[in-house]
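In the two complexes that follow, chain A is the common piece, with chain B as its partner first and chain C second.
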Partner chain A sequence: MTNAWTDIKNTDLVVVMGGNAAEAHPCGFKWVTEAKAHRGARLIVVDPRYTRTASVADFYAPIRQGSDIAFLMGVIRWCMENDKVQWEYTKAFTNAAYIVKEGFGYQDGLFTGYDPEKRDYDRTSWDYEIDEDGYAVTDPTLQHPRCVWNLLKQHVDVYTPEMVERICGTPKEKFLKVAQMIGECSSPTKTMTSMYALGWTQHSHGAQNIRGMAMLQLILGNIGVRGGGMNALRGHSNIQGLTDLGLMSHLLTGYLNMPTEKETDFETYMKSRQFKPLRPGQTSYWQNYRKFMVSFQKAMWGDAATAGNDWAYDYIPKLDVPSYDVLRMFELMNDGRVNGYICQGFNPVLAFPNRGKIVAGLSKLKFLVTMDPLETETARFWENHGEFNDVDTKSIQTEVIQLPTTCFAEEEGSLTNSGRWLQWHWAAGTPPGEAQHDTWIMAQIFLRMRELYRKEGGAFPDPILNLSWEYHDPTEPEPEELAKEINGRALRDLTDPNDPSKVLVPAGKQVVNFSQLRDDGSTMSGCWIYSGCFNEAGNNMARRDNHDPDETGAYLGWTFAWPLNRRTLYNRASCDTQGRPWDPSRKLLEWDGAKWTGYDVPDIAPNAKPEEVGPFIMNQEGVSRLFARGMMRDGPFPAHMEPFESPVPNVFNPKMRGNPVARIFQNDVAQFGTSEEFPYAATSYRLTEHFHYWTKHNRVNAALQPEFFVELSEELAAEKGITPGGWVRVWSKRGSVKAKAVVTKRIRPLHCDGRVVHVIGIPLHWGFVGAAKKGFGPNSLSPFVGEANIETPGYKAFLVNIEPSTAPAGVVA
Partner chain B sequence: MIDSPRTAVSNPPTQSMISNLGPGDLVRRSATERLPPPERQLTPVAKLIDVSKCIGCKACQSACVEWNDTTPAIGENVGVYTNPHDLTENMFTLMRFTEWVNPETDNLEWLIRKDGCMHCADPGCLKACPAPGAIVQYSNGIVDFIHENCIGCGYCIKGCPFNIPRISKTDRRAYKCTLCSDRVAVGQGPACAKACPTQAIVFGTKEDMKKHAAGRIEDLKSRGYDKAGLYDPPGVGGTHVMYVLHHNDKPGIYADLPENPRISPLVQSWKGVTKYIGLAAMGLMAVGSVVHGVFARPNRVSEEEERHAEDLVEGRPVPPPPPGQPR
Partner chain C sequence: MAGTSLAAMGFGEAEAAVAAHVRPMKLANTTETRNTCPYCSVACGVIIYAKGDVRKGERADIVHIEGDADHPTNLGTLCPKGAALKDFVHAPTRLQYPMVRRPGSDKFERVSWDAALDRIARLMKDDRDANFLASNQEGTAVNRWTTTGMLAASATTNETAWCTFKVAKALGIVGFDNQARV
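And now, the complex of A and B:
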């Protein structure tokens, strides 16, 4: 989230699209009801299904899953055409005025530079014109035909309300009503918030869905302001923490990148990360990359990381492929190239797509280690459960080792919520049985591995032998120790660069925050963006002061938000070019003539003059990007792409399937279905009664939604002879499930490009272990394809067929 | 010093409270002629359920199960989101889901109503109950079942205009929402209200709840719900559980919420010993459907319960199982 949960109360319009906040985030949704009750805010829901969020919305519009980009580009077009643009903001704070190089273009659904063989773009034409001083050329009058604004206007021109209806199935008048409600928020005193979740991320073009809304929010002037923002509602209590701490195969901590094998030495790695400002006087904060990187390396290898060995750069693994994401790991398992798997807090048998392929991969392993507080299907993948898990146990030789862990309520630590708040929590219970903290288990494995390397050597034992492991009890690092390591400390006395006699931070003391980190090996920090969470003032994540001066929703004394306890990112953009709040009644910051003051921690240097320094300090431009340059693999502007399995062809290029640059494994191509064979558009989701697969173990949750079901329209049910509460079989090219039928008015057939598109909703929760009834889930059916930039699996749009059926064997109908 | 909690959101008070909902707080007691007047008048309380704010998450159902330590069965899906499919002795509150197409706008509305005991000011269950002290009403308005006095006859169901109580199949006693009388007695609001993430369920004095409702109704009218209003039906003397409805002119669209609930005239007229005769007569007649029409609800009294009523009238002992059996 750019903003915080508590900030949503400040909004005038909530748009829930690509998510289902009331059902999937009911506690956070309270801030929507606050905004509605106290500000008279309106709520719009755009979704293939009339959800429980829609049940409390002021307006609902249906949409075909996977077509959000067309809808959003349509809204941008409508706003441009109807002058619903926050002009001062757009001109000053976005790259609307930047001139794009000659040679950039878009045709037939593709941008310039496409190579169908490589399934990749040559992105060199997707950039600005650069002048002789190395700065981007701009035209503040927006007259230049190749300025971003005019290119955007040209790009969205095709997304007329009629085209939106044709692609998305959203009736034109409903689309126009949404566009009008959104357009009102171009006023500097009206703001809109976007609440989205996995309904946008889990597509092969997920990142472009989100960019589409971010661009809309920018031209409306809604980024950086109270009640505005792009608010990603994360699907787990700590999934934000997972990405922040770099638990992605291509990331280190704090969004530093894992080096590739082409970056053989530190200077080569750093060369593409200089991040010089692209406009005079801009901050370009990533110029500090080296400080964060060296401090990370010092945190990893301590004294073994020296200037002489490039801070142990050779110890860091180098990627030979863009990422070793989960889809690739299971592909490699199926190929016999991954033989062991440690599965920590993860249930891929149910949670990952194409269950058949997941189980086949696990069946080829030599060993599988699971670490989980609960029994999982993954740990039991080899057990035959009749139709619910029809495996040949005897043929599976995988050795499975189950390590029971503690759950969140049995351990101390911090969880990072969607709003980037690091919230410390304390253990409320003692672990049952043999359960151990994950930290204990990891320490035991590490210490034994290190011992083996010490005794037996190996190809390159140095990174293991030299790993910094300075814990009070090496067999179980304490949560506070780890937090302090993440915050970072001075390794030598840190002196004032202007006055070397003045010590800013004595050796051994915690740094105040990342502004004190250095690239000369004198500091260490495990994750720079978290720096400040545990400094000499103590554990800031444990703070519980709920004072909120003037009720802005900032709550600066409550826990710690990264970065620097800042609650709203880009908050300098809440003021005009002179530094005055756009909306004085919703002030966040203001320029007092000498410095930035206000309710939040300024997202700019406190003395940066408003006319000179742009608000988007992480960007080299100092402004935000309507045109993303070459930073995304699938285009500088979002363009409509169909799902790989779509009920209709892409209207702009019928031959183009899915995202043209998404990675597809050869083995999976044969497992894509066509709309002839599989005519219905399926989507998957979880229900408010459940939490992913965990609550299968809880009788209460199980009782509240007791049986696996699918949802379909009355029209499709009538066509197929399906009765409410009756059994149906649903199958895709990859698998087949049996479910109860919920026949509902909440799903209605959509009319897309002259065809009737029936939507089938498939909730997840059920499996074959736990207190709940046995059942199937959507991932026996979903396709094995990832998002083009980040490889998040595309669970939200695929094709199935359906027919009336009978109960699975062993189930009393 | 206050006598009852003013909200369900806050934590329990640290100062002692007047109220503990003891025998001295009773204003009515089933089948009891000469109940001494209450020792004091507690401030009437109410739970307000704002249907327009409810997201149907069932946290209220979950909290109810947890607080009351009941064990609803893991049932089956019959094609709807309402689970279990009806109130049971293990499920005192239930979100009922109705898909309603508004004929004026042709828009679908998914109406979600939390069903449960309404805690009528004039409680039909209590009036119909033949077992002394099995149903009581406190001066703050809470109607509570005292299970050890319950004989399991089921007449509370007949007397209830909302069809709420349910007889346990294992211990043959009647169960329903207590408005968390045990929590209210120690200064906490009902578990459902505490758990509600959107504060669609709020709790406080009845007066405050009416004021709160007025604000909500104003907001709904600003969103085009001209007929938004408070459901506090006068036919039962008002209720201590009230609804804010967007379509208060059509309560029936919310899973058959009665338009004008009232106690059956037959139950209303029973007095003293005639009550038992009346009950038996009612039961017998109901079997023959002679007066079936006077009841707003279908007859749910089983033959066994009829027999117990007859036994009662004829002075034979009725065998209730001992309290404390698992439900």
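And now, the complex of A and C:
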């Protein structure tokens, strides 16, 4: 989230699209209710299903799943055509005026540079014209035909209300009503917030869905302001934290990247990360990359990381592919190229697509280690449960070691919420049986392996033998010790560069925040963006001052938000080019002539003059990007793409299937279905009473929504002879499930491009262990293909068939 | 209260009788601990009540969990998931002991932590030593281990995550992801 949950009360319009906050984030959604009750805010829901969020909306519009880009480009087109643009913001704070190189173009659903063999673009034409000083060329009058604004106007021109209806199935008058309500928020004194979740991310074009809304929010002037922003409603309690800390194949901590094998040494790695400003006087904060990277290496390997050995750059693995993401790992597993797998609090048998392929992959492993507080289907994937897990136990040669861990109530530490607040919590209970903390288990595995390497030697032991492990009790690092390491400290006295006799931070003391980190090996910090969380003032994540001066919703004394305790990202953009708040009644910051002051920590140097320094300091331009240059694999603007399994062809290019640059493994192509065989558009979601696969271990939640079901319209039920509450079989090219039918008015047939599209809703929760009845999940059916930029599997739009059926064997109907 | 009022009116014996039959408050003599709901990332504040104080080294049995009214986001409220957290803590399917399922077997067998951890370290080291790729065809140091992968848990703390990150990346594991990928 750019903003915080508590900030949603400041909004005038909430758009929930690609999410269902009332059901999936009920206590956060309360702030929408607050905004409606106390500000007169309105709520729009755009969703294939009439959800519980829709039931309290001021306006609901249906949409076919997977067609959001067309809808959003349609709204941008409508706003441009009807002068619903926050012009001063758009001109000053976006790259609307930047001139794009000659040669860039878009035709038949594809941008310039497409190579169908490689399924990739040559992105060299997707960039600015650069002048002789190395700066991007701009035309502040927006007259130049190749300025971003005019290219965008051209790009969205095709997304007329009629075209939106044709692609999305949203009736034209409903689309226009939404566009009109959104358009009102182009006023500097009206804001809209976007609340989205996996309904946008889990598509082969997920990142472009989000970009589409971000671009709309920028031209409306809604980023950086109270009650505005792009608010990703994240799933698990610390999914934000694990992303920030880089527990991903392609990441290191704090959004530093894993090196590739083409980056043969540290200087080569750094060379492409210099981030020189693209406009005069801009901050381009990533210029500090080297300080954060060297401090990270020092946190990992301490004294073994020296200037002489490239800060132990060789110790970090180098990638030969963009990532060894989960889809690639299970592909390799199926090929017999993975021997071992560790699942810490993760249940891939229910969480990853094409379950048949997942179970087949696990069956080829030599060993599987699971760490979890609860039983999981993954730990018992080898167990036969009839139709619910029909495996040949004897033939599965995988050795499985299941380790019991503590749960939240028995451990201490911080979790980062969706709004980037790092909140500390304390252990309350004694763990059951011999359950242990994950930190103890990881330490045990590490110490035992290190001992084996000390005794026996083996493959490149250096990064293991030299891993910094300076804990009071090496067998169980304490949460506070780890938090201090994340924050970082001085390794030598840090002196003032202007006065070397003055010591700013004595050796061994915590740095106050990342501004004190250095690239000469004199500081260490595990994760630079978290620096400030635990400094010499103490554990800032444990702060509990819940005062909120003038009720802005900022709560600066409550725990710690990254970066630097800032609550609203890009908050400098809440003021005009002179530094005056766009909306004085919703002030966040203002320029007092010498510095920025206000309710939040400024997202810019406190003395950066408003006319000179742009608010988007992480970008080389200092402004935000309506045109993403070559930074997205699938286009500098979002363009309509169909799901790989779609009930209708792509209207712009009927031969194009899915995202043209999404990675597909050869083995999966044969497992994509067509609309002839599988005529119905399926989608998946979670229910209010459930949290993924955990709550089925809990009798209260298992009883509240007891049985696996699928939802379908009355029209489709009538057509197929399906009775409410009766058993149905739903199957895709990859699998088959049996469920009770919920025949409902909440799902209505859509009319897209002259066809009737029936939607089938498939909730997730059920498996074969726990207190709940046995059942299936949508991942038995969903396809094995990821998002083109980040490889998030698509669960929201795929094809199935349905027929009346009987109960699974052994189940009393 | 009822008993005290009765006593004021001179019904002393009745007071004793009433007091004897008033159930003591369930949360009396419990330890209160601030915690965070582990489900979605609204991250509502919760208060956990336990018999015993784990920080004093005592055995602590959790008897109640409720919303934290001081928390700015949830102001004491909880959703149907958070309101039933106690049943997660005490679920009959909570794991208690390390178990192993041997190749081809149809059951888990209990093992000691030492046996489980020694076995894991051995399996991992043998696989790493056999398949670690120190350099590529060009002779560049690549130091990656692709034949063992790991999924990390995005409901663990940042501190656990950092500890896990250090071990996984130092070993050279590249097939390393968490729920954010999904």
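One rule holds for everything that comes next: the second predicted complex is superposed on the first by the 813 of 813 C-alpha atoms of A that agree within 3 Å, B and C clash if a C-alpha of one lies under 4 Å from a C-alpha of the other, contacts with A are read in each partner's own complex, and residues count from 1 in each chain.
We adopt the following convention: a residue touches a chain if its C-beta (ideal position, glycine included) is under 8 Å from a C-beta of that chain, and two chains touch if they have at least 3 such contacts.
The model shown is predicted, which means the values in this text are computed figures rather than measured ones.
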| item | value |
| --- | --- |
| Chain B versus chain C as contact partner of A:435, first or second or both or neither | second |
| Contacts of A:337 with chain B and chain C, given as first, second, both or neither | second |
| Which partner reaches more residues of chain A (counting touched residues only), chain B or chain C | C |
| Which superposed partner A:567 touches (first chain B, second chain C, both, neither) | neither |
| First, second, both or neither for A:355, with chain B first and chain C second | neither |
| Touching partner for A:27 - first (chain B), second (chain C), both, neither | both |
| Contacts of A:746 with chain B and chain C, given as first, second, both or neither | first |
| Partner chain in contact with A:699 - chain B first, chain C second, else both or neither | both |
| Partner chain(s) touched by A:773 [first = chain B, second = chain C, both, neither] | first |
| Which of chain B and chain C A:326 touches, first, second, both or neither | second |
| Chain B and chain C contact sites that coincide on chain A, given as residue numbers | 26-27, 30, 688-689, 699-701, 704, 771 |
| Chain B-facing residues of chain A, complex | 22-23, 26-27, 29-30, 33, 36-37, 40, 42, 50, 52-56, 58, 60, 688-689, 699-709, 723-726, 740-746, 771-773 |
| Chain B - residues contacting chain A, complex | 52-59, 61-62, 65-66, 71-81, 83-84, 99, 101, 107-112, 197-200, 216, 219, 222-223 |
| Chain C residues within the chain A interface of the complex | 31, 33-45, 48-50, 52, 54-55, 59-62, 65, 70-75, 77-85, 87-89, 91-106, 108, 111, 113, 116-125, 127-129, 131-132, 134, 136, 140-182 |
